[in-house]
Amino acid sequence: METDELILNMGPVHPSTHGVLRFRLRMDGEIIKNCEIVMGYLHRGTEKLGEMKTYLQFIPYTDRLDYISAMPNNYAYVKAVEELAGIEVPQRAEYIRVMIMELNRIVNHIVSIGSLLMDLGAATMIMWGFRERETALQLFEQLCGARMTFNYIKPGGVREDLPEGFIPKLREWMKDMEKRLVDYEQLINDNEIFHMRMKDIGTISAQEAINYGLTGPSLRGSGVDYDMRKIEPYSIYPDIDFKACTRPEGDSYARYIVRIDEIKESLQILRQVIDSMPEGKIVSNAKYGIAPMTGSPSSVMTYFPRIFTPHAGEVYSRIEAPKGELGFYIVSDGTTKPYRVKIRSPSFCNLTAIPKMVQGLRIPDLIAAFGTIDVVLGDVDR
Amino acid sequence: MEKGGIRLDPVTIDTTKIKTIKRRPVTAIDKLEDTGMISTILAAREREGLILFSTIDQVFNWARLSSLWPVTSGLACCAIEMMATAMAHHDIARFGMEIFRASPRQADLMFVAGTVTKRMAPRVKKLYEMMAEPKWVIAVGACASTGGPYHESYSVLKGVDNIIPVDVYVPGCPPRPEAFLYAVIQLREKIKNEGYGAKWGLNK
Amino acid sequence: MNAAEELKNALPNSVVSISFQLDKPLAIIKKEDILKAATIARDMGFVHLSVITGIDYCDRYEVVYNFLSYVRKQNLVLKVILDHNNPVVDSLTSIWKGADWLERETYDLVGIKFSGHPDLKRILLPEGWAGHPLQKDYDMKTEQFVTIGDDGEDIVSTDGSNLLRRKYHGN
Amino acid sequence: MFENAYELIVYIMTALGIYDSIFRVFEVLGIEYVLRIIIVFVEIVVLFAFALVTIMFLTWMERKVVAMVQARYGPMVTGPRGLLQPVMDGVKLIGKEDIIPDKADRWVFTLAPFIIFIPALLVFIPLPFGDSLVISNFKIGLLYIIAVSAISPIAILLAGWASNNKYSLMGAMRAVAQDISYTIPLALAAIAIVMFTGSLSMVDIVTAQGGTWFGVIPKWFIFLQPLGFILFLIASIAEMGRIPFDFQESESELVAGFFTEYSGMKFAMFFLAEYAHLFAVSGIVVTLFLGGWNGPAVPFIPVQITSLVYFLIKTYAVIFFAMWLRDTVPRMRIDQLLGLGWKVMVPVALLNLLVTGLLVTAGVI
């Protein structure tokens, strides 16, 4: 019998590509022989805009890269700028930053797991997940007035201090989240069909994972004991007791379990951060004309300079974002605007491994593997 | 007697006559003109001469506004808020809109949720063209409405209304789920006043 | 002894100079020896290729590589300086699969070519897009539009009349 | 009590004292058969009206059950608690533009929705809704049902092929593979029931399940055939094409499966056929394994009414189970499903059949 190859274009508008990604599949029946990823449908020229905006103006754009976990994006950029300019950050601000980033990590993993399950056909998980996400977003909103795009972390500190009653509310949310986590695990982990769909699918060995430049939960799912928070400790992470969650298998199920474990670990971190939250300023006011505003309730509200001029130089600074290594490479020429901003986004680099992972599998496996890589298109195309 | 822009009294249809009349008596449509609701006026103008089908229109409009099935097409950040609108907390299902159809053939409404880049623009347009009439578009967020924060970018289209007609614009970056719901309610109001006899060519 | 010095010891002829990029050891490599230097860096334990990017300095291009060692917990930055007229450098895809897209992106946005790359074509912008946006002399005034052909391929032109339904107020 | 609904209607009309006079009119004209046709026609109209209302209600119920599981409200605005929602959806779909793609096979494309919709309703004909409430009590009712429901894969294949869309074609191929693999265990599980009753008639199967053991346990076949029940349930959910076996549609993989290109009324027919199928298959599960319309008698109320109520309660319980399942589990993969069908369910069904046969022959049960 003569057979012919089927060329299937999945996307850019397809329910399970998490946005506007396109898979160009060469298929033999249902088996994927070759998967080519076509992207750029959300390429918004953020890096060019970085050259056109001042340092502070660019912070909102970082929110819109990985719009599910915007706070780490804020922080990664601000951290690069702070390193470039040599700004000290007060302890309280660092604690608030870590707290809010870990909260955002939980939110990100909830969305990630939820959309994975939705792609597998079980829509309930995402509904339940978004219920907890919504309450978390209300916390964000209390803190900085925005639900998704925060613009909260600024060079030298954070924009506003914790509002009244924030910590008790957060504690309540954490208690709720722990209960819900048990529900999630009952719904998903014990499900035989879920195991059938996820185990031994999209397997990638540790060696290959490093070679492809995977980072984040995707790499830890392959058994590489790595975490930027451990390898290159930043902020207050050296003082905090936590572990990098790894699984040795390297398949989709391992990556999923790593995410669940990370939610637990993040709750652990949150608890420590809340318990040892110091009092004090939230903005450094030494160098760049940041002066405390008198008369404000907590007397730590401050101005931020509109114009901000770091020294000439270049810096590459990375953090462990929920999706992996997020790095900003900034070249400054000593003016008010960066000379060049390069964003090393985790989604972009993690996506590289998909064609390797799905070789010889079927479309449903492609969706499962793609779901566990956890990609946000804003982050891929920038 | 006229109510809500729809003529209820029985009039014999003579389309040639309607075309030749130069000055019409002042109607509710003209009154609408004063309020500046351009889209409503355009819909009403299309309905000029439509008498027989007004009741059918009312029934169909009611059905259409009650069962707006959106097409599953998220472009960027706003898509996450679109998801949040569909989820448990805000529950767009109350309006009967939870059936997100992945196939544009079966959808009535397109949320252009996010930045429309130059590369995506022809695809968005194609998606719109694939949808079956009647269809509506809601431009969600600053990017879809005007280009938003990416207005200066080389690869972003400055407003999706440059390529497809938009019924409701939602401000925000991204808009809150409440804003989505408000946009849906506005669209329902708009559909209430539309006429389809003209579109079908039944009254020509 | 930091990583850049080690690299200089191993390849005295290829390393032009060593210094620091803030606290990260930086070595500037001759452009024809980058593949050799990268191989040695990998053997030194710098297994993670974090980023490849290019910068347009108007008179020259610089390509920056950042490596990380999970075991040594150290960074190593390599830099290659390219000619502005003909920016070509060897590709690292033979060593790191992950370099594939990073190099394509650098080619797409900055315009640096990577010789030996298996599939060097645009990645974020459609084929046929005029200019490389992150070059300093990129023409931001000219609007380019994309339409789709019969096979779903992108067609770039400055004429958007097929696409647009009203007069376009782009800048 | 009566053979079928025709006799029931005749009995009621006789009791009301109008049958004889009407019959005499037709007798004088020499066309008695016309009266028979009219009565059957009325029956069918009532049945189809009931089916359509049920289907509409089911779409509403599905959305409400999903909402309940997912901690939402579901449709609320249109009508009381959203009850008018399915009506509105229907009216809207009638008013939608009917698109036939340029490269589609126009005739087959138009024909496919009818081919799937009509058999979905034909299944209702031998289904006993209650005591005497059956349109026609075929002697081969079960065989007829299995045969008629086997038409739907043909329609799906036609729809998928005619659409000239890769997703549609893949969805159609999957649906056919799935239906063929699951009709076999379905039929095998049903045959085990026939061994008890010795009849293929649906009414006989229900009657055989009347009464109780020890006055407590109802004589339902689920207790005699627990394995057969599980096999039949899994196979029928696969036949219905619902999650975890909804490969023909599988939204996150194939956009909308075989009806990706359909819009408007044609799409509505696929949509309705799906729910007609859901009701019919649940009804069959109830008839075969859950005692059909059997239930404790209630004094002063005619058995026709109580039996209908019992049947509907049981059927909706099965439907609720299917909906609940859909909201809880993820989708399987097509090769895993076929593997399950051929490697597990067919051998187990055969074994079940063998054991049942031995037991029945030995006279144990």
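Residue numbering begins at 1 within each chain, and the chains themselves are lettered A, B, C and D in the order written.
In this section, a residue touches a chain if its C-beta (ideal position, glycine included) is under 8 Å from a C-beta of that chain, and two chains touch if they have at least 3 such contacts.
Since this is a predicted model, take the numbers as computed values, not measurements.
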For chain C and chain D, the touch-path distance in steps comes out at 2
Centre-most chain by CA centroid is A
Farthest CA centroid from chain D: chain C
By C-beta contact count, A-C versus B-C, the higher one is A-C
In whole angstrom, the CA-centroid distance of chain B from chain C equals 45
Chain centres from averaged Cα atoms put chain A and chain C apart, in whole Å, by 24
Expressed in whole Å, how far the mean CA point of chain A lies from that of chain D is 47
Between the Cα centroids of chain B and chain D the separation in whole angstrom comes to 38
The positions of chain B in contact with two or more other chains are 87-88, 102, 119, 123, 152, 154-155
Where chain D touches two or more other chains at once, the residues are 70-72, 251-252, 255
Residue ranges of chain A touching at least 2 other chains are 14-15, 40, 43, 45, 48, 127-128, 131
One finds touching chains in the pairs A-B, A-C, A-D, B-C, B-D
Contacts from chain A onto chain C in the complex sit at residues 9, 39-40, 43, 45, 47-48, 51, 83-84, 208, 210-215, 224, 226, 231-232, 313-316, 318, 325, 327, 329, 331, 339-340, 342, 344, 348-349, 351-353, 356, 381-382
Residue set of chain B touching chain A in the complex reads 72-77, 79-81, 83-84, 87-90, 102, 104, 114-115, 117, 119-120, 123, 127, 149-150, 152-156, 173-174, 176
In the complex, chain C touches chain B at residues 125-126, 133, 138, 140, 144-148, 154, 163-166, 168-171
Listed in rising order, the residues of chain D that touch chain B in the complex are 63, 67, 70-78, 82, 84-85, 87-92, 95-99, 251-252, 255-256, 259-264, 267
The answer for chain C against chain A in the complex is residues 21-22, 24, 47-51, 53, 55-56, 64, 66, 68, 70, 73, 75, 77, 96-102, 105, 109, 122-126, 133-134, 138, 152
